[in-house]
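In what comes next, chain A is part of two complexes: it sits with chain B in the first one and with chain C in the second one.
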Partner chain A sequence: MTDSIIKTENLKVAYGEHQVIHGIDLEVIEGEVTALIGPSGCGKSTLLQTLNLLIRSMSPNATLSGTITFSGKNILKGKMDALDLRKQIGMVFQKPNPFPKSIFENVAYGPRVHGYKKKKQLQEIVEQTLTDAYLWDEVKDRLHESALELSGGQQQRLCIARALATKPDVLLMDEPTSALDPVSTQGIEDLIQKLKEQYTVVMVTHQMEQAARISDTTAFLYMGQLIEVNDTTQLFFSPKRQQTEDYITGKFG
Partner chain B sequence: MIPIMQTTEKASERLIRKNKKLSLKNPERNGKVIVYSAAFVTILATLAVTIFLTQQGLQSFYMSGINPLEFLTSTNWNPSGSNPSYGALAFIFGSLSVTVLSALIVAPFGIGAAIFMTEIAPSWGKKILQPVIEILVGIPSVVYGYLGLTVLVPFIRDHIGGSGYSLMAGVIVVSLMILPTVTTLSADAFNRLPNGLRSSSLALGATRWQTVRRVLLPTAMPGLLTAIILGMARAIGEALAIQMVIGNTTILPSSLLDPAATMTTIITLNMGHTTFNSAENNVLWTLGLLLLILSYGLVMLVRFLAARRKF
Partner chain C sequence: MNRKFTDKLATATFTFFAMMIVVILTALLGYVLYMGVQQVSWDFLTSKSSTFRAGGGIQDQVFNSFYILLWTMVFTVPVGLAGGIYMAEYARDNKLTAMIRICIETLASMPSIVLGLFGLLVFVNAFDMGFSVLAGALTLTIFNLPIMIRTCENAMRSVPIQQKEAGMALGYTRWRTITTILLPSAFPSILTGIILSAGLVFGEAAALLYSAGMTSPNLDYGNWNPFSETSPLNIMRPAETLSVHIWKVNSEGIMPDIREIADGGAAVLVTAILIFNIGARMIGTWIHRKFTSK
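After this line comes the complex of A and B, so read on.
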């Protein structure tokens, strides 16, 4: 039996009066790529933002209930230190959004806010992380140039490197390729495959082909409910639920 | 009798007929004429003011024979004496010090209030602070001056020193006047930043304050500088409120508590009793020209900063 690194039980999320997630039980297996698929507005992005409690900072009117267990603790209970949690659960967004700083400073940002000050230590982290994100060779001669001058695909790999710099266990990715061209998308997908060796990845994607290509487990969400979760091949080739089959065969969504 | 539309005609037919008429009139051309003439009038007005002010302002040099160097560097102002002198340095200094000092005072408060409104308490800040600031913008400058005259001047006289009528009173009144402008424009600069900057910084485990200080503030900087400069442009042009509290002497102030004067206050105080085309009148136009040049300079600076904005 493989171990789950994140486990949600009866997770409910509401924005004010409007409930968007109606009790989700989901296990994320350590070392796997888990894909969340489903039509727009099904709650998959909200679910992702709940896992690192970013939702609490970005939407003050959101109320969460149920449990999310991460490394043995319920992160929804009591005064969980969200800052420390986010160090362990990194996040990459839909649009590449590097800070308007140098490439070096972008990657060093996470370690810096967590108190790393020594230049040598930061340099090591930056080199290691950029190497992990397969960006080092392309940028090693211009680390101190603005990150905004990189191409879209490079920017997104920089954002992945930035998230890896705090040495997280889990990487959350919210449609990481939807703003990129096919070649850059290919690059990011290859990268995710390689990251799997060291990290657990949870990604939201709109493209079912992408989920099928790179994920181990796929969860299908619809109207704030988890309809089906299974091994990716199983889910795509022999879905157990009618709704899942209708969605993956393009009957709705 | 008023002709009444035939009641037998259906509404739909009437509407179709009307539409036809409209399309015949070439609305494209009508729109063009309106916007082109609006643009033309605006440009013409700006040009006319600039040309007139330049011509009048330079008259004091080539017609009244005032030495430009004396005008800019001497503090001896006595245009109506038997041996008139036209040194305007004290007023240039007054204008610049009021402008720069009030900008220095307002910058931290305005940017701080903008951060509070946009980043710390967006809902609360928008509900309470925004309307308050809009009210502050709407108060006429004479009211600020009157308040300064009845509250600030006696306060300075009793608790700090001097007569109360002082450079300091002028700076404080102008600061209050430009604070709302700077706050609103700074809040705009923060609101313009893409949300991805906030969320990705927070997602890395940064605190809200670290996010503001390390990411949002540096990114918004060109916009914040623009806000301060536009505040300065307002400060340098303000006359009425300053005139009521600054004391209006022609001597170069040696401390913040000394009375002083600015270019604008000298113009408003003297334009009524000088005859057109006299040297005394011309030199006021020269002060006006100098104000125009300074505000052109500030506008150029704003344009330069806007070009450097990333978002």
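After this line comes the complex of A and C, so read on.
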């Protein structure tokens, strides 16, 4: 068996009184792409936001319990330094959300807070990460132009580069292609395949075809429960649970 | 058929009322400027006002207006910004916040003459500042603060939440996310709000009658010692502003050219406020463009 990099045990999440995650045990294997699928409102985005504790910063009324083990430590215990955690677990969102700054500044933003101050260092990081995100060739002549002038697909690759710039181990992606056209989607999917060589990816997706195309492991969530998690091929071709089968064959959701 | 008619009627009604606002504004501005501009001359703008004789100017009043505005902004902007950031980013959704919000709203709807009397009792008398630039600026700060807080809060809230998420997800603390992402994005609207409220402050009279006072010492513009009684920079001296001057000339002036001074003063006042408003728009658009695409 390969090593798990993130492991949740009996993870529960509630917004105020309203519980949205009802005890999930999930293992994310290092170097794999793990897809979280399930109908809207099943808790998959919440689960993703919990893995880097972003939920604590964005929803002050959220309460978390259970354990999340990341590189040997339970990040729910005590006051985990979110700054360090998020350096190691990067995140990409549904809608491309570059800062209204230059392309260079967008990528350099993360490394800056993590101690890279020298111009030369930053330039190297920016070039490296933009290359990793397959954006370098398209933007190398206009690094100091506004990121908002890029196309949607380019913006999303820039956001991926921005997340990669802090050299994380894990990249969380929340429906990264749902706001993009088919061609850009293809570009991002290809990119995720390449990223797998260096990073562990956990992605939420609405499209089952996407999960089937690019993930190694797929987890099916329904109503805040983890119904089934398995090797992607297994899950799609011979689901063990009736609910999974119903969902992937389009009977609900 | 009937529905089409209703639609047309609604469109016509809204257009009518919109046009009415334009007409009223244009007529008012046109009248004030038409009556006033003939009175405004370089001499009018640069000579001192006179109590008895005709031909007095408004130099000191114009200076006082800007000077009090400056101090008001020095007090209002930091406090308003802090308050707005607190309300938008830190305040929890609880009773305390609701109470603060009610206080801000009540303060915003407080009649300015009441604030003026408050200024008289508190700043002028209790704190013994006398009729002064400082007392006037502090009174106007109370007048302006609710608007400033709301402007800043709205500006902060108008930054898409995704921007904040992105900052936090990169490991930035809330404070650094606010200062490096939210504030720069909100800056154009904050600045526009500041300039617009400056126009409001600039034209305010009632709040100043009993706080900055209705007189000015004989100012000597060569005197830069801020502690000297005749120095324009002195913040402990009384300072009659332009709008207070217009009111005073009209209500108790004994010079023969009351009408001319009031007309000219009003024209200058309205022009200044127009410049504030148009300037706010232009600077806002310009900065927005500059910020989003270098």
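Worth pointing out:
By definition in this document, the second predicted complex is superposed on the first by the 253 of 253 C-alpha atoms of A that agree within 3 Å, B and C clash if a C-alpha of one lies under 4 Å from a C-alpha of the other, contacts with A are read in each partner's own complex, and residues count from 1 in each chain.
The criterion applied here is as follows: contacts are C-beta pairs under 8 Å (C-beta built on N, C-alpha and C of every residue); 3 or more make two chains touch, one makes a residue touch a chain.
Computed from a prediction, not measured in an experiment: that's the story for all the values here.
When both complexes are overlaid on chain A, chain B and chain C end up clashing with each other. When the shared chain is aligned, chain B and chain C each come close enough to touch A:L54.
In the superposed model, A:W136 makes contact with neither chain B nor chain C.
By the touch criterion defined above, A:H114 reaches both chain B and chain C.
Touch criterion met: A:E145 reaches chain C, while chain B stays clear of it. Once the two complexes are overlaid on the shared chain, A:S102 sits against chain C while remaining clear of chain B. Shared interface residues of chain A, touching chain B in one complex and chain C in the other, are 52, 54, 57-58, 60, 82-87, 90-91, 93, 95, 97, 99-100, 109-110, 113-114, 148, 159, 162-163, 166.
Chain contact summary for the complex, chain B toward chain A: residues 123, 194-208, 210, 214-215, 218-219, 310-311. The touching residues of chain A, when paired with chain B in their complex, are 52, 54, 57-58, 60, 82-87, 90-91, 93, 95, 97, 99-101, 109-110, 112-114, 148, 159, 162-163, 166. By the touch criterion given at the top, residues 92, 160-174, 176, 180-181, 184-185, 291-294 of chain C touch chain A in their complex.
By the touch rule above, chain A contacts chain C in their complex via residues 52, 54, 57-58, 60, 82-87, 90-91, 93, 95, 97-100, 102, 109-110, 113-114, 144-146, 148-149, 159, 162-163, 166.
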